[in-house]
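By written order: A, B, C and D. Residues from 1 in each chain.
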Amino acid sequence: MIDTCDQIFVLLQHWLVSFLPAAWQTAAGVLLSVAAIVCLFPALFALTTVFERKGLARIQNRLGPNRVGPFGFFQPIADGIKSLTKEDIVPLSADAAVHFLAPVLLVVTVFMGFAVLPMGRNMVLVDLDAGLLFYFAMGASSELAVFMAGWSSRNKYSLLGAMRAVAQMISYEVPLLLSSVVVVMITGSLSLTKIVEAQNHYTWGLPHWYIFTPWGFAGFLMYAIATTAETNRSPFDLPEGESELVAGYHTEYSGFKFALFFLGEYVAMFSISGLGTTLFLGGWSAPFSFLTWVPSWIWFFSKLMLSIFVFIWMRGTLPRLRQDQLMNFAWKFVLPMCLLNLMVAGLWRFMGDGWLRWVVCSAILLLAYVGLGLGEMRRQRLGPRSYRYAE
Amino acid sequence: MSEMQSHSAILADKPQGWNRPAAIEPQNEGELLEVSMGPHHPSTHGVFRMDVALDGERVIRLKPVFGYLHRNHEKLAEGQSYLASMPYTDRLDYICPITNNWAYALAVEKLIGQEVPERAEYLRVILGELTRYQNHASSIGFLIQEMGASGTPLMYAFREREKILDLFEELTGARMMVNYMRFGGCRVDASPGWLDRTRKVVAGLSGFADEFDQLLKSNEILMARTQGVGVLRPELAVNAGVTGPMLRASGVNYDIRKVDGYGIYNRFNFRVPLGDHGDVYDRYMIRMLEMRESIEILNQALREIQPGPVMDPKAKIRGLRPKPGEAYGRIEAPKGELGFYLISDGGPNPYRYRVRPPSLINLTVLEDMCLGVNVADVVLIFGSVDIVLGEVDR
Amino acid sequence: MLGEGIIKGMVETAKNFFGSYFSAERLTTVEYPEQRIAPYEAARVFPFLVFDSKNHAGGTDWESGLRCVACQICEKECPPKCIFIEKSKDKKPDALGRLQFYPARFDIDISVCMSCQICVEVCPFEAIKMDTEFELSTEDRFGGLLLDRKQLAKSNQYYHQIHPAEATGVDAKLAAEKIKAHAKVKITDEAKTAAIAGAGA
Amino acid sequence: MKTVEEIKAMIEAAVPGAVVEIVPNPSPSGQHSLRLAPECALAVAKFLRDDAELRLDFLSNVTGVDWPDSLEAVYHLYSVEKKHGPVVIRMKTVNRTDQVELPSLTPIWRSAEFQEREIFDLYGIIFTGHPDLRRLLMWEGFKDHPMRRDYREPDDYEYEPTAHDDVLKRAQAHQVSATGQPIPGQEGTEDAA
């Protein structure tokens, strides 16, 4: 019974496909999975927009959307209808073809990433041996879409936003990769299924997730920072920083194209959170050994939503950085930390079991964090101040 | 004070044009990117426009353009009686109408030599300091909003402002357009119940300031964004007529509440916080600290207020005809020195009615502060000036 | 330093997030059309003209009960000049029985009115007061927001309803004036009758 | 704080050839002012700012005034360092039509920059020596100076239903000349009733 629940989607797919001739079954199976992903994530996106708006509202002591449907949960339907019926404006001087292609390209590349994500036990569309590589290749091409959007709009704000976006995304691509490499080093595989399998063990009922190791924790933090930048979320939402650039690279988009950008951004957030879950949070594995009876896909999606919640929480709290600070942060803080983390991961590998490697690895990382952080703050002369008073 | 004296000494032998913005050379080849920020830009606080020339994202030239909200307030006032201008002053700086009322009432009282009863002075101080508190809170909120914090501090500030506006509404009948002060007092008296409710609100204000500090004060991103950004030197600040928290953030000890001691401010015990760097962070912190000083003043005023009349019975409301002459009255409004200059020719309408708008004059140094910075900092520096377009354009 | 400021901020927002579910202090929103707050007594929106129905047999006869005597002070003092008054040619007895002019036309353009209450302050006859009704939006920008004297006339009872304390004070003041006026009228009446009697004799 | 007479004496001692006249202010405020001859104004202003005793380093307010025979600029000076003030100085143009130049005090006090631009815009005083004398509030290409007392409002303002008397007549005339149509709802029917 537990197994059936766990594998319900896999079984369902097999059952549906079994109606077809054997020669078509593989193709049909893939199509079915694709259809599932293409339906599921936009639905999740719709749900997330409500949650985000309500969550942000609560953080800000407001009520949030509560007019459409019960508790406002039909709000995305209204929003969807609105964006579908709105006029699609293309600026006169814009490059119409590129202007049209940009949102399409964004959405396509973003969805491609899901192909290699294991969303549950045996639930992966294509179990590539180099899944991680494929994922990053796809993720990197979304930058092209953003730049196409900004360039083709022929708007100064769009152009500035696009340039910011490209600079930012390329810069953070490096720490993103480097922070993931530690996982590959330890696991010895680029296959995401194997990475999850490697974490799916328990000692005293506690899981062997990589986040619970010094290098994994540091790697996860770096990964989280890099993903926030990569998905243009606050506090790294400079490409669309509305206070200075109106709406950044999608200033000139309206109607459904704008909705596509919005969709692409959120789906990218899901997919990159899913990857983070897979790499550091044990993918679909349960947090305690006695909870392994809960279907694996539930764990995957709960972890996904939890990271989305953290994204929303950060958005509700933090102001954004400036472009040069963002770059400085990437190259002078995150990148050195990632490189150090690579060495620490190697050290961890060769020090063998025992408490010593915990102490040594944690100490190195902590010292480097404090040293780099304080050094950077001091270099930029930042810090709390005291004030004098005149009577 | 040592800093001030030194700056005055420097001032005497400054070269010609030292107080003009220094020209910036572009670092890159090719054309500059000319951007017209505003008048419908999300962070220009209304209809303000800046003609910006960018070299990459660096600001090479910045020219403010005004007048999109110009309604010739001064001309309107010259065409109607002294009393009829009072409600229009609400609409200058619509975040703090009370202080606008006060400045105008003060100028007319100077012009006609009118005395104000003590209770009215206390009420003016109470309302004025509440106004200062809510103005500073929401201006910090707007500043952080421009830094991209999705409005969270702004909503907290507005939550608190709501309580203060409720008090205003209960007393004056309107939340923002209060039209409360008259020449020689205040329009209506505050009931004991109102004072009790005010005491209750004031008791909660410092908790809110703590919350704000907790949320923002030590935030690394905020520090990185604001420290060292938009530095205003004290000698330029004084020379350019910058007033209010912005001047004090540059380290100049000049608070009209202390200097003029208008109303009954010299009865209260409060301090004037001063910044040492003159950057955006200092402006933000000075506002925070002034909010705490406002709470001090409020506590004292609410303790000491005595019953009595709120209007001088001899004061004339309608048909005021001051003797020919002129008067300049100024107060420390939350945004800076708000002054009214009135010339009377003996008629029922002022011959000349001039508003000295702190928002406009504080913007004089906008270009100086913005040249050479990143375009993202322009909105930040602009936000830290704390302006209201209703007052800039009048 | 080193991220604890960020964590502090995150804790603060989390506090507010959960606090908004439990504390009315934090969640101050009033969901307007369903929930309403009673207006404060001092609240002011747009002016209306008070009529005394008590003094007239009809009770709903707003026209003869209007306290306004078309003196046009409010028209002159109104800062945005949104009041337009036409004085009547003839005179009618007012609440005190004295013959007075009345407004043949009294228009307030509430699209121009800025709710400043100056007309109320300058009125020597307590004839114009501030309403608390604020849901006045119409589809007709020109006609719908130009209120004539029929739309503006509200009874003294209504005034008592919306501003009880203020209205009581006004009533007391008017009553005092009335007594004074009656005394005067009596004197003049006596003088008149005496004069008539004298003439008759 | 020194009286205007003392300040006048100080100026005359320090700036040779300075023409200073005291303008008494009969109102209870007692803020008497000094009228400077435009030729010497810049030198006097520099003296007022830099003099060790006066140190009027803060120019608070600049006002334009339209008198029947001339235009005037009034400057309110304070001292941030000595915390005294105001000292009011004023300058008059020769007439209101063609000789409307005054020296700009912006080189001395930067705070005059926008205020003098505003006066140039609204009154038409030309401040010679101003670094950037453009209109401030009205748009470029606008003719006339709206704060002058003889300024006549254009008729093409937004129509308001309560317009009456000559304002209504002008609005109606403008509406007819511009569109050929009378103003809706104000064709005179209501007036008749």
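Rule of thumb we're sticking to: a contact is a pair of C-beta atoms (placed from the backbone, for glycine too) under 8 Å apart; a residue touches a chain by one contact, two chains touch by 3 or more.
As the structure is a computational prediction, the values presented were derived from the model and not from experiment.
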Central subunit by CA centre of mass proxy: B
B-C compared against B-D, more contacting pairs: B-D
Interchain centroid distance [CA atoms averaged], chain B/chain C, Å: 33
Distance between the centres, which are taken as Cα means, of chain D and chain B, whole angstrom: 23
Inter-chain centre distance, chain A versus chain C - centres from mean C-alpha coordinates, in Å: 60
Per-residue multi-chain contacts in chain B, two or more chains: 152, 156, 159, 215, 217-223
Per-residue overlap in chain C, given as positions that touch at least 2 other chains: 1-3, 6, 9, 12-13, 16, 26, 28
Contacts with 2+ other chains: residues of chain A: 59-62, 316-318, 377, 383-384
Chain C contact footprint on chain B (complex, rising order): 76, 80-81, 83-88, 90-91, 152, 156, 159, 162, 169-174, 177, 179, 187-188, 211, 214-223, 317-318
Sites on chain A touched by chain B in the complex: 56, 59-62, 156-157, 159-160, 164, 234-235, 237-238, 241-244, 246, 315-325, 377, 380-385, 387-391
Parts of chain D lying in touch with chain B, wherever the complex brings them together: 25-29, 31, 49-50, 55, 57-61, 63, 65-66, 74, 76, 80-81, 83, 86, 88, 107, 109-115, 122, 131, 135-139, 146-147
Of chain A, residues touching chain C in the complex: 55, 58-63, 66, 313-314, 316-318, 369-370, 373-374, 377, 383-384
In the complex, chain B residues that touch chain A: 33-35, 41-43, 54, 57, 144-152, 155-156, 159, 215, 217-225, 227-228, 253, 255, 258, 271-277, 281-282, 285-286, 289, 374-379
